[in-house]
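Below, chain A partners chain B and then partners chain C, in two separate complexes.
Let's turn to the complex of A and B:
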């Protein structure tokens, strides 16, 4: 909470409104302007003069985002001059999509994403994983090259699952999980925007609980879950939220995935469905590996630290975890 | 506990004894009026199939119930003293009562489903009773007992599914009318197999001596009237249907061999309870074989008389084991008739009744059986099996008697044999009375007219010949010196074969599980921990890890390369855009 309520307030404001500028703009230039403002407002949020890593991360973020914006600008200019701002071309859409993919850290251009998130605090990681994806996704949905995007989706799903398998850093792990979920999100936005909103809000909800959690507990690596003497309920909450994120049925994380799978099957995308489901199995595997060993295998081991969590945030966590558990069941109340 | 009147043993005894009296009077009434009562309670009915609980009360079931109640009441009374210092006496008594209850269900129902209820109940409770003393030997014996009986349960289940054809499970209605049906033949074969497991006939006989791990009162109950006779009783009920079947001839051979095998093994045995168990096995073989010759009422007769003296024999053995400081080996015993005359009296009378000494219980049934065997049309082998086994019964009974009563006391120089446990003695005297009179009483009661027997002199005297020879051999073998015993080593393999019940315990435990365990181990190693591991869980994990490591190498590149490759990619796209136009 260190920078949420101090001088950075104005940058948060700009960050949010820049996104709104670009997604509600009716010209490509307006979109570009929104993107640039967004970049320039996020940099002060992540750079911290006391921390070398976050400074490095802000520099990297600036480089990648500016190159992506540059190419975006280049693409819209070409579109303006060569295509008379009228027609779209296959290559032009691929160029446009590529720059957007670079911006949100999707797979072929995602290498900056785990690198940068490693230098960020949990709150900034949360913003990077959720809010910063809105603009590129919406802009990409304006002109999608389906052949290209399908490949991108599959790559996202696979790389997100496999890349996270060997990670010990929780932030990197969440980054790869975000890459995987990006595949789902691109899929959902290519089907319908409402579906995307649903998936995105659910994903943000689950991610917010986990990030807030790790932020409170100050956890950055997996072994911190094992060597700390935590309340059993806390661990159970972590497990439930991870399972929810992985998409295990009784929890709410399954709900958006279920709907997307339903739409995929309706559109006869069986291979896609297969890959989605199989890779979410791997996702679930490493989610479980974290929380399961924290609860079961290493539970009786000697601990090095003892954490007492008795602050007001913990109540929030429990409250949100309650939604995570019962959300899917409660949501049936809407459809009687 | 110490108050006799309000102990669970006394209450159960009183209840069971009253039930015995009720059954006794009803039995008399039913026989006099030649009555049968059949009650049916329909539990559920679907698709013209009705599952009913039927109760058949005729003189046979009432008589059998009377005997079971008598023996169980006496056994429970006996347990009051025998299990005196037992911590879980209530559990023990409740198990015995459950056992009796299962037996009742089996006796009174002519319906194969409700028979299964009693049948399975017997198997389960017998398992609980065999493992009552919690040690490794008991567990093994209990498992052997339970699994051997389980085979019979499976056969009963198959019978249930076969009888679905007929739309009802009340088998008594089909015994005559469906006699020549092929399905009925299958049912009959299954019933015979089931009865063979319960009555421990030859391929399944290893559990019966093993079940001696149970407390002695349980042995008295199990080996006289309840568990092992269930199979015989079932075949008596089914006998009308089975008469023409080939399988019954096979049963005749197998039960004759069982009788013979048990008789021989009993002669090699030194464990007091095991000798009695083997004699039970021998008598069961006798019942089964006379049954398979088509004389069910004789089998029933012998079943009842045998129940009396066998229960008594076990109870005497229990007292002796108690006094011998829990030692069962008969080589340590000897001369006990000097110290415990009343127990020895009971023991000797029951032993003689077992041998068929005239005018004791066993005489009436065994003599009748053997004369009818001589009377009927049999081949030489079956004939000799009967007579040799009769001789062998005499043989091991006399050997046992000599070892226990006559020889020197061999246990310790300081001992305390006393004959003043009146709770046990009172219960034994009831059975003593019964094992003297029950033969004549039953023969007058059951058979409305005497069998007409018509034999040449030597054949008629055959029983006495073999008995005398057997008794003499028993006397001689009990006096055998230790160096003569060692001469059995000259025929080591033969002795092994004979004293290990023809290798049957090995065959049904180690011999059966050896190959399957080996197979299981190889399957475990090759499939579970081998191929299926490689091609599912572990192999997948390895492949994924490999990919992950491969991917992480890409992740370690210089940051500039990523940006540069993106720019090149955009450049390529731009060039293609340009040249496409």
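Let's turn to the complex of A and C:
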């Protein structure tokens, strides 16, 4: 959050508007320009000269993203020279889609994603996990290669779930969870754009609560959850939000999954739905592993290690968690 | 129906007030009284409002869940005395009750699934939150993932159903007949795990052993019945495929029930013995439902209600000993008749109900189930005979092991039963044995 209050804040606006440039542009070149501006405005946000990790992360981010945009530029130039207007072939769409997949850290090109997120603050991770996915997803939806994308979706779902199993770093866990959710998002955007907006906004909502939590509690690893003495309500809120993110029924996180599963079944994609659902079970497993300390009210604590966390934003957290619990009911107010 | 939901929702603030522990229970009792006077006497859906309604089948199970919730609060007085997150406990109970109420009263298949899953979270919280040993994490994980692993295919199945017949209203299911193996598996298996059937029962003893008394009561009392309720509701539109495949579950349940009854004799933990005994009872219920005849349906319904009251009462008894001796081992809990002679009567009454002694609902249910199974095949007589015999056997074994013999010489201090506990046991036993006088309500719901 400190980034908000120093001179970097101008880059937030550039980041914001660059996305709007590329998703509202009507030429591929404009999209590319938006992507480049986006990259160059995110770099100053993540690099912090006092922190070696974030500097390294910003360098890695620059390299991967520039390779991806290079590919993208290459593809659109080939399309410009070789193809007529409104014409795409298989090769070009796969090329296009892959560069976009690389941009958002989707599976075959996902290796940079957990690595980079390890050097980021929670706020930046939040931006990386949500806002930075908008442009590539929208651009990808313009020309999707369905066979290719279906494989990518399944890979995303599976690798996101399996990859997160053995992690201890909360940011990496969140990164893998985001990879898994990316599968859902690509699926939803290949069904309809409104569905994607719905899923994406719900996902961002849940992720924002969690990132904010971990930001104010200053947590980066799973074992910190056991060391610190948290307020009981904060613990319950962590639990609820993780269960919600895992998509358990009474909470709001189930809502987008429900809608997407419904659409998938209506489109007769049974096997895909089965994979989605079973992998979300694995996701739920490691979400619950994070919230062990919350779900057990009492556990063995070191007496000599007392860190009491002051919660300045307590009301704020409770407010958001209230939405997590009652969201399913409240959603009827929003959507009908 | 809406008024009860509203009543429960507005009881939530009451849970967070200080010293309102008994008040919540009293309000629940008031609600129970109001609900009892609802007068659902038809075998059709009555009291329709806001996608909720109840016929006899859901009426009895809602009554049972409110009743068990009242007794749960009553049984966990210890939390109140120790002030061990008591407000959150009350909230948990109320939330669980809301979920169960909605599960049993909803008319929509999807809503049924939603609340069916929703009741899992408070149960998980009860086990992991208020349990005793560190192993409660493992037990909770078993509970959660056994249930979710099969209930997520149920979700897919429900949407598939919606896609096929464009409606999810439970009442209209009877007009459809879907003949699809995968749909059948995905629909049935979730409830079979919840019941639990023999091969997928492993989560149940674990969860019971780790759960606090309230968790055990609600698990044995209601959560197992959710599975039975779902099966009773869903059997109707799978009729054709039921005819082909149901014998598998019947066979597994009958043989498994016999194995589990034998397994009961090997237990040294009171709670785990009771848990295994409920698996054995549920196996008869499963086979009764799977037979798909009238006797089977009413028998399984009656046995579910009876077993809900009876096993919940037995878990109360186990907890009463546990609170005094801090052990559930059969080798420490022995000779209890020397300390609590009056409690011995309650042990006897509930154990005799568990072995289906005459005035109890369990007997009624077992007779109907035996009727239905015998009408299917006389070979099932063998297994039924063994299950019935051994269920009497392990109940007697548990009773005599705990009550008779020398008491454990390492006991330092002890105190006798308090009137709250006697009242609680009375409230378990009385409906169990008095409902049989008006059993026609339970037998004409179809």
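Points worth noting:
Keep in mind that, in the parts below, the second predicted complex is superposed on the first by the 314 of 336 C-alpha atoms of A that agree within 3 Å, B and C clash if a C-alpha of one lies under 4 Å from a C-alpha of the other, contacts with A are read in each partner's own complex, and residues count from 1 in each chain.
Please note the rule applied: a residue touches a chain if its C-beta (ideal position, glycine included) is under 8 Å from a C-beta of that chain, and two chains touch if they have at least 3 such contacts.
The shown structure was predicted, so the numbers you read here are calculated from the model rather than taken from an experiment.
Under the clash rule set out above, the superposition-derived model of chain A with chain B and chain C contains a clash between the two partners. Once chain A of one complex is fitted onto chain A of the other, the partner contacts of A:73 are absent, as it touches neither chain B nor chain C.
Using the contact criterion defined above for the overlaid structures, shared-chain residue A:162 touches chain B, although it does not reach chain C. Once chain A of one complex is fitted onto chain A of the other, the partner contacts of A:33 are absent, as it touches neither chain B nor chain C.
Applying the stated contact rule after C-alpha superposition, one finds that A:112 touches chain B and leaves chain C untouched. By the touch criterion defined above, A:144 lies against neither chain B nor chain C after alignment on the C-alpha atoms of chain A. By the document's definition of touching, of the two partners only chain B reaches A:94; chain C does not. Of all the stretches 25-33, 79-87, 133-141 or 565-573 given for chain B, the clashing one with respect to chain C is 133-141.
In the three-chain superposition model, chain A touches chain B and chain C at no common residue.
Within the complex formed with chain A, the chain C residues making contact are 85, 88, 99, 113-115, 117-118, 120-121, 124-125, 128-130, 134, 136-137, 140-141, 144-145, 148-149, 152-153, 155-156, 159-160, 162-163, 182. Taken together, the chain B residues at the contact with chain A in this complex read 544-545, 547-549, 551-552, 554-555, 557, 559, 562-563, 566-567, 569-570, 573-574, 576-577, 580-581. Remark: chain A residues 60, 63-64, 67-68, 71, 74, 78, 82, 89, 91-92, 94-95, 98-99, 102, 108-109, 111-112, 114-115, 159, 162-163, 165-166, 282 touch chain B in the complex. Residue ranges on chain A touching chain C, taken from their complex, read 232, 236, 243, 248-250, 254, 258, 261-262, 265-266, 268, 270, 273-274, 277-278, 280-281, 284-285, 288, 292, 295-297, 299, 328.
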